[in-house]
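Here you go, one structure.
Going in written order, the chains are labelled A, B, C and D, and every chain counts its residues from 1.
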Amino acid sequence: MIADLARCVAEAYEVALPHRGKGKVADYIPALATVDPNRFGFALALPDGTVHTAGDVDIPFSIQSVSKVFTLALALRRLGSSLWTSVGREPSGSAFNSIVQLESENGIPRNPLINAGAIATTDRLIDGRGDEATVAEILDFLRARAGDDSIAIDAEVAASESETGARNRSLGYFMKGFGNLHHPVEEALGVYFRQCAIAMSCRQLARAGLFLAMEGRDPITGEQLIKPHRARRINAIMMLCGHYDNSGEFAFRVGLPGKSGVGGGILCIAPGQGSIAVWSPGLTEAGTSLVGAVALEHFAYAAGWSVFD
Amino acid sequence: MIADLARCVAEAYEVALPHRGKGKVADYIPALATVDPNRFGFALALPDGTVHTAGDVDIPFSIQSVSKVFTLALALRRLGSSLWTSVGREPSGSAFNSIVQLESENGIPRNPLINAGAIATTDRLIDGRGDEATVAEILDFLRARAGDDSIAIDAEVAASESETGARNRSLGYFMKGFGNLHHPVEEALGVYFRQCAIAMSCRQLARAGLFLAMEGRDPITGEQLIKPHRARRINAIMMLCGHYDNSGEFAFRVGLPGKSGVGGGILCIAPGQGSIAVWSPGLTEAGTSLVGAVALEHFAYAAGWSVFD
Amino acid sequence: MIADLARCVAEAYEVALPHRGKGKVADYIPALATVDPNRFGFALALPDGTVHTAGDVDIPFSIQSVSKVFTLALALRRLGSSLWTSVGREPSGSAFNSIVQLESENGIPRNPLINAGAIATTDRLIDGRGDEATVAEILDFLRARAGDDSIAIDAEVAASESETGARNRSLGYFMKGFGNLHHPVEEALGVYFRQCAIAMSCRQLARAGLFLAMEGRDPITGEQLIKPHRARRINAIMMLCGHYDNSGEFAFRVGLPGKSGVGGGILCIAPGQGSIAVWSPGLTEAGTSLVGAVALEHFAYAAGWSVFD
Amino acid sequence: MIADLARCVAEAYEVALPHRGKGKVADYIPALATVDPNRFGFALALPDGTVHTAGDVDIPFSIQSVSKVFTLALALRRLGSSLWTSVGREPSGSAFNSIVQLESENGIPRNPLINAGAIATTDRLIDGRGDEATVAEILDFLRARAGDDSIAIDAEVAASESETGARNRSLGYFMKGFGNLHHPVEEALGVYFRQCAIAMSCRQLARAGLFLAMEGRDPITGEQLIKPHRARRINAIMMLCGHYDNSGEFAFRVGLPGKSGVGGGILCIAPGQGSIAVWSPGLTEAGTSLVGAVALEHFAYAAGWSVFD
């Protein structure tokens, strides 16, 4: 079976390779625009510690919105169900940065994977500790998961995110106006912009997501990081909301919970099986890595891992 | 394993039984309002023909919106991908009968499981044949799946649906105004109201859904009813959109593709495993059977079938 | 002063004449599409019975939405303030046929001059009498105002309106679903489509609007048709809502309460002074007669009648 | 006639007096909440310099949103028609602080009298000069109009506005995200919060609005402050948009262009006749001075100034 999965990874990589360079690299900040569009990595982490890889799996990239999954896990661990007073758990049916729903629903974002919801989640994660301590917790968590203390924030990306972050500030102040942020907007955004600017490789990211595939337990360190039903909750949210208004298409094509980022990374969880990270910068119109989605679709099919078949 | 599943069914029934009578029976038409709120049935159909049951599994009830799953399957079989010119495949983030999204998206409903999308799907299924032939196809399909020619439309319910169907007519005419219905509105609605008024028992419904668990193949008759990837598509849509703006909660709690109806029925598909139908008339605020959801949650947990663990 | 107004009419006609043929003739029904785009008439009716005219003032045209003003007057006369339980009195900020606002405001349209509001108004005007009696009242009222019993409904236009009326049916059924129509949708629409298909000349229309300029009293017949404050109400609604989402521009340019129709007619009320009807079929993007608006703007300026100067 | 107007003012004051204390004083900032709810002033300024008064006409109050009219005039004077690239001129159909319309219309607010539109207008008025120079221009303009150099900003109110200004910050950053603010958000808001905190008396405010009644010319100083058609534009916008989603009711009741503020002030323009300022802190649900609106309604009726009769 291990041999088979290695072959599935290799095949998925080969199938997707001809699509490299297609799609549009995110260019709203300079640091993302200059990434080589031909980069492509695929890493599958298994609970026994095996990692099957293909391509550029050791080059760090900006994880961007993939970070929302980890801050959600940390916020649930810290706050438990009380998190759900600040953010919902349903698909929004809207774009990643829409504000319309917030107005009719009293400043409570629909789910933690749209921007407003991620900002609200990060705000709760701060929990009075200040931004530095919160950023440190996020970084420490990812370093511990990936077993690599070199994981860091790309300061240039973080600064650019903040400079161009007018829409996210608007979301933040809108929620603040409804009393749905517990800390100053700039404090919550300060953490949010930095979490988005964390740079990780496919190998690290796949490894870091493994606890979500294993009912909240890191199979490498043996730690129960979050309760099993919280891992289930996160996976369900990823399946239904992980790709904004393109979540249905991803669910059909790949059939696994996943979260994409505009840096070109996608984290995919196969519950009970393993964790997959792909990276290729060219994006579809929906903001998902074009090559990455092709590779994941083929892999899920080849491995028989789609939950819908 | 078969013995285990029988026990899981029995357990799920027992766990949910104390909740009977809770929730609110749909009362927008008289025929639904008079149903005994203490009815409760649970049926699990397996690919080998086994059906594990508990409670009122042989009493027909109004399947209502559960019918949308079957007309979607029939429309995909008949029209293939061209169906997607009339209806989308993404969560709407709105209530079952919302019209707001239709205005900004040119009369194309978000998915086939909200009312507007189901009407558009049924309209396409007619395909120029007229309403009688279309209703006949739907009934024949369900009778063949359930192996029971007595399955029928409750004429009183169908008449009531039509009489109280102003909102659905509005949705129909709105789409018609955008050129997104191929037949007269009353023709499409005539089929739609009757499909919603089909009466089936839990045993029949569980059996009828089995092909969706088996990649489009009816394991009892051996017929390949729809292509495997179309079954996957339907399951993905059910997971993301099967319970309107409560789909996220159902996905978390049960972890299986499902579709609820205001008659109190829920059809749940466990891909590769089996098909489950529950029925109990009391509804949550979100319009899903309260007792049914409790039973499904327990069953999925006990059987280990949630796709998110 | 009477001589001056005659000159103002002549000047306004001359100024607007070079614009004839510009704009787009409504073509959603054949009967409107075949109208000669070069038609242009301008009629000013004064309280003393004088009518100053220029151009095609005796050719009947389809008054379309201008009819909404008269059914509003009749409904207020018949029902008094109870009309406002069915329809609001504020600008909608939306297009003439938008349904979005209806969903969030329980099926109550914003004002009587958008389609939904006009249908609700007409529905109330029926008041249990049936469609024929209601249509007869509308026609009789217009004939009495214009002093011309030959005013009639264009049957071909009325039939076409009904055939292409899907969007209006959707609005009607939507309100019906909220319980905000007192009669069957088709009965209300039957009257509505016919009132829109009434054909009148500029001379007749200007004369018919005179009571709105004179505090509800027809200065020719001496009849007090509606109470003074109801005429004020109608004028205020025309000023704020008479041109859908282009009302602000018309208020600035012309500075008088007015109502446009897609047949190319505009009725304009100068409170205390007189009533103006213009007609030219070419429409702006906002659905208002292009030549008519130019003429009205010049006339209001020349006569010093803008209420904002 | 002058005597008559004096009597009309006195009558309007008497009629409204029994309503003092009704309504709800704005309490979102402490400085507003402590105002005596029984204050009530009425001032009518005429072009010849006469001012008819009744009640508390020399006590300064926070003009709040009434300031939007003056910054609109100044922005039009400075920028001319290019202002309309940043803000529209149509009713919004929404609440004063709604953000929904901004999302679908690319960050361009509907009109300069809703909060977003006023912020955009103030941003344009800055025109690269910095906040201090802009605030100085606004203050100088009002002092010159009122002939009183003591008019000042209430620093406590301005500070409170800024502290509680999350929703306005959200609107500002939202527009910034669409590129529809020319200066930093905090710079535009810094001016906006201070203009709202200007304190003026009824006498001063009535006097300051006189140029809008006189085609842009201050009849006391003889200066042509803005072009005549710009005064007409401002009056039209006030009539259609001056009271948010309650503008239709005000237009019907008073029949004059007006602008209300949550401090309880209302400025009303009678084109060609005069300018009226009323003040009483108790607000209707729509945020308009309850006593002020009653007084204006009676005055407009008694003076025969409603433009709709």
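Miscellaneous remarks
Here, contacts are C-beta pairs under 8 Å (C-beta built on N, C-alpha and C of every residue); 3 or more make two chains touch, one makes a residue touch a chain.
By chain, UniProt protein names: A, B, C, D = Glutaminase.
In this text the structure is predicted, and so the values were computed from the model without any measurement.
Among the other chains, the CA centroid farthest from that of chain A (Glutaminase) is the one of C.
Chain A (Glutaminase) and chain C (Glutaminase) have CA centres that are 56 Å apart.
Rounded to whole angstrom units, the spacing between the C-alpha centres of chain B (Glutaminase) and chain C (Glutaminase) is 47. Centre to centre, using the average C-alpha position, chain A (Glutaminase) and chain B (Glutaminase) are separated by 32 Å.
Residue positions of chain B (Glutaminase) touching 2 or more other chains, listed in rising order: 104. Of all possible chain pairs, those that touch are A-B, A-D, B-C, C-D.
Remark: chain A (Glutaminase) residues 88-94, 101, 110-111, 215, 228, 231-233, 235-237, 239-241, 245-249, 251-252, 255, 257, 271-272, 306-309 touch chain B (Glutaminase) in the complex.
Across the complex, chain A (Glutaminase) is touched by residues 98-100, 103-104, 166-167, 169-174, 176-177, 185 of chain D (Glutaminase).
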